[in-house]
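Presented sequentially are two complexes of subunit A, the first with subunit B as partner and the second with subunit C.
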Partner chain A sequence: METKINIGPVHPATHGVLRLVVTLDGDTIKRVEPYIGYLHRGVEKLVETRMFMQSPSYMEKLDYVAPMSYDELYVSTIEAAMGIEVKERAKYLRMILLELQRIASHLLWLATTANDVGQWFTIYMWAFADRDRVLKLLEEATGARMFYVNMRLGGLNRDVPEQFGENAIKLMEYLDKRLPDYESFLEGNPVFLERMRGVGILKKSDAVKYGATGPVLRGSGIDYDARSNHSYYLYKELNFYASFETKGDCLARYKVRIKEIKTSINLVMSAVNKMPKGDALGMPIKLINPEPKNKEVLVRRELPRGESLMYLVADKQRPYRLGIRSPTFVNLSLTQHLPIGARIADLFPILASLDPVMGDSDR
Partner chain B sequence: MVRLLKISREELRDTLGSKMKEGYSYLTYITAVDYVDHVQVLYFIEDLENSNSETIAVDLPADDLNIHSVIGLFHAADWYERELSEMFGINIYGRDCERLLLREWDGKVAPLRKSFVWNTNYETDANGDKN
Partner chain C sequence: MSEDKDNAKVQMDKLVAESLKGREFPVNALFTKLSDITKAIADPAVKWSRSNSLWPLQFGLACCAIELMAFGSPRVDAERDGFLLFRGTPRQSDVMVVAGWVTKSMLPQVKRLYEQMSEPRYVIAFGECATCGGPWWESYNIIKGIDQVIPVDVYVAGCPPRPELLFSALLKLKEKVGGKIVENKP
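Entry: the complex of A and B
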């Protein structure tokens, strides 16, 4: 006999305001119908009514777990339209800040995922405490703990304090030593493994077919990362390689994110060491030439949740149209396919392994 | 500047099909731009192995916003097409679309069209009355 159950929209185990209507046969999932749009704020329309540099703070609220990534993507899009070059020191600093943001975002993912699969206190507390250390460093660099609005055309709003490099290296060394604790705690835990291994398998061909992105795509054996495939800033110079796994299950997606934290730690360390001295400040907003050089631009970035791109048609002073590709939006569409045939208890690890942030999905 | 491959809506599925054979098997994004007299629908496709990307543009006259679905070629188009029809009022035929995705409560307007003016001077309350 088929049963329909409703999950959400505000259940503590769902990430953001997401509603799933699940059709079950016994406890086997037959159909999942995701309902999104609860956080739809019309950001794409809103930016059309604002001048170029009035919008970064709206962009940050798209993905409130990794706000700086959207801030940077938007400002880079405007830079491409205006034909503005980013200063060398600012390129390094942006990379450092973005990788720190990625570490903070993946740690939050780890905490909530461990919560979803029944590993409540230890990992949750560890990951949140370590994430806070990263946020503190970001606060030291930008002046804000969560919503930074630190990007300006051609550079940053403020340069980092003198001791920032030293503190960043110290924190990265700490995290480098700390990460094996997470791995041994989780991967030596039969409950965690049982709930993640072989659950929610996404085949390589399906990952491409359904348009999966980010760690979800890479967890299915596809070596694609915008940082290496569409190299930007100095990722090539710092020998960045994408991390991927082949099994396509929830455990593979977990492993990809752990590897990405390690890669980000190495990237931050080498970027801090190679960072040149000089000026990193961006252009004051008042000096921006309202006439864009390029009418249509397309900019791609690898955000913690996957590849995002912005397609901008620029008008005088403001966007005529800004299209935002949200990585959560595509990954969340997988909830219609991935859990079919799984048990109801597996729905939460599967959902968690997609790392959805509803603000990003709904825009 | 973005290099757009401009085609007509009749050529859309054949072009995407042949691009797919060339290795562009990943659909990154579908969006549209309202140029008032016409709406341009954009398909961003990607060859993941060689990191090549292509942007295909189809112009639809404002009084005839109909386009065939590409879901048969790219399953990833599912939600993008639903978003497109809700936000731009484009009729996408050749597919099932049972309900609204992002704006379940209101399917009457197409908010990303230029004819829909974002008026910041008033707010509507829960009954739809202007305050």
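Entry: the complex of A and C
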């Protein structure tokens, strides 16, 4: 006998306002229909009514777990349209800030996922305490805790304070020592392993077919990362390599994210050491900017949730059309395929391993 | 036996007299209806206990929900004042923290959650979006302020407000519910 249950849009484990209608046979999942759009507010349309540099604040609210990454993506899209070069020191600083943001985002993911699979408050408290340390460093560098609006055309809003490099390296060394604690707590825990291992397996071919991105794609054994494949900034100079796992289950996705935190720690350390002195400030915000040289640009960046693309058709002073490809939206489509045949209790580890942020997918 | 009964009666009278001390009552208070007296005695006790067990609803919408999560993290440590019993169901909670923008499609759900909460219920509008629409005020799909739909007790400004501000908002609410100023000031 088939039963239908409705999960969400307000549910503690859906990581936002996602609604899933699940058809069950016993407790085996037969069909999942995701309903999204509960946070839709028409960002792409709103941006068309704003001047170029009025919009970064809107962009940050797309992915509110890692706001700076969207900020940077939007500003570099405008830079590409106007043909503005980014200053050398600003490139390093942007990379450092983005990687710090990635660490903060992955730590939040770790906290909520550990909550979902029954590791109640321990990991939540640890990860949030460490995330707050990272946010404090970002606050030191940019002046804000969550929404930074720190990117300007050609550089940054403000240079970092003198002790920033020292503090960053101190924090990275601390996190480097701290991460094995998380790993031994989770990977030595039979409950966590049982709920993650072999659950929600995404085959390599399916990952390509459904267009998965980010850690979900890399968890299925595909070595694709926009940072290395479409090298931007100075990731090549810092010997960046993408981390991937082959098994394609929830545990593989968890491992990819843990590896990414480690990679980010190394990237921040080496970027701080190599960072040149000089000017990092961008153009101050003006309503009237130089007219864009390229009327149509496409920029891609690797966000913590996956690869995001921004497609801009530029008018004279404002976007004529701004298209956003959000990684969460693509990954959420997997909720239709991954849980089929799994138990209803496995739905939440699977959903958590996709790391959805609903503001990103609903736009 | 009779002595014990008498003693109890004397003690009860003492308690009643003590609890009435300092309160404004008509001179013939003891001759008014019994229900009024019990109400006068019970009200402060009810207020006190209500103000000290405000259980928030585990309900996040958007960006501010991340700060709502940080509110439960060690940095803010909300548990020291008893605010960390986030309930998953509206039927067990007293406070709804509207954290994020409310769209037209989400509005029925928010309203329903509020109606499912048992009375007395309180609402905190957390952040710009819940207060007035925030940066999305021009959007076609946004409710410009949750107070158009459900009554709001405390407004918190900020985009997003820091988690400490939620703490201070809950302390404000505690004052409001208790009917007096509490010792802990934010």
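Throughout what follows, the second predicted complex is superposed on the first by the 359 of 363 C-alpha atoms of A that agree within 3 Å, B and C clash if a C-alpha of one lies under 4 Å from a C-alpha of the other, contacts with A are read in each partner's own complex, and residues count from 1 in each chain.
As a working rule, a residue touches a chain if its C-beta (ideal position, glycine included) is under 8 Å from a C-beta of that chain, and two chains touch if they have at least 3 such contacts.
Source: prediction; values computed, not measured.
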| item | value |
| --- | --- |
| Combined model on subunit A: subunit C and subunit B, fit or clash | fit |
| Touched partner set for A:85, first subunit B, second subunit C, both or neither | neither |
| Partner chain in contact with A:27 - subunit B first, subunit C second, else both or neither | neither |
| Contacts of A:222 with subunit B and subunit C, given as first, second, both or neither | first |
| Partner chain(s) touched by A:183 [first = subunit B, second = subunit C, both, neither] | neither |
| First (subunit B), second (subunit C), both or neither touched by A:132 | second |
| Touched partner set for A:37, first subunit B, second subunit C, both or neither | both |
| Partner chain in contact with A:17 - subunit B first, subunit C second, else both or neither | second |
| Subunit B versus subunit C as contact partner of A:49, first or second or both or neither | both |
| Partner chain in contact with A:291 - subunit B first, subunit C second, else both or neither | neither |
| CA minimum distance (subunit B, subunit C), superposed complexes, angstrom | 5 |
| Set intersection of subunit A contacts, subunit C complex versus subunit B complex | 37, 40, 42, 45-46, 49 |
| Sites on subunit B touched by subunit A in the complex | 1-2, 4, 25-29, 31-34, 42, 44, 48, 51, 53, 55, 74-76, 78-79, 83, 87, 100-104, 111-112, 116, 118, 120 |
| List of subunit A residues in touch with subunit C within their complex | 9-12, 16-17, 37-42, 45-46, 49, 57-58, 61, 64-65, 108, 111-112, 124-125, 128-129, 131-132, 145-147, 358-359 |
| List of subunit A residues in touch with subunit B within their complex | 35-37, 40, 42, 44-46, 48-49, 208-211, 222, 224, 229-230, 294-298, 307, 309, 311, 313, 320-321, 323, 325, 329-330, 333, 362 |
| In the complex, subunit C residues that touch subunit A | 58-63, 65-67, 69-70, 72-75, 88, 100-101, 103, 105-106, 109, 113, 135-136, 138-142, 159-160, 162 |
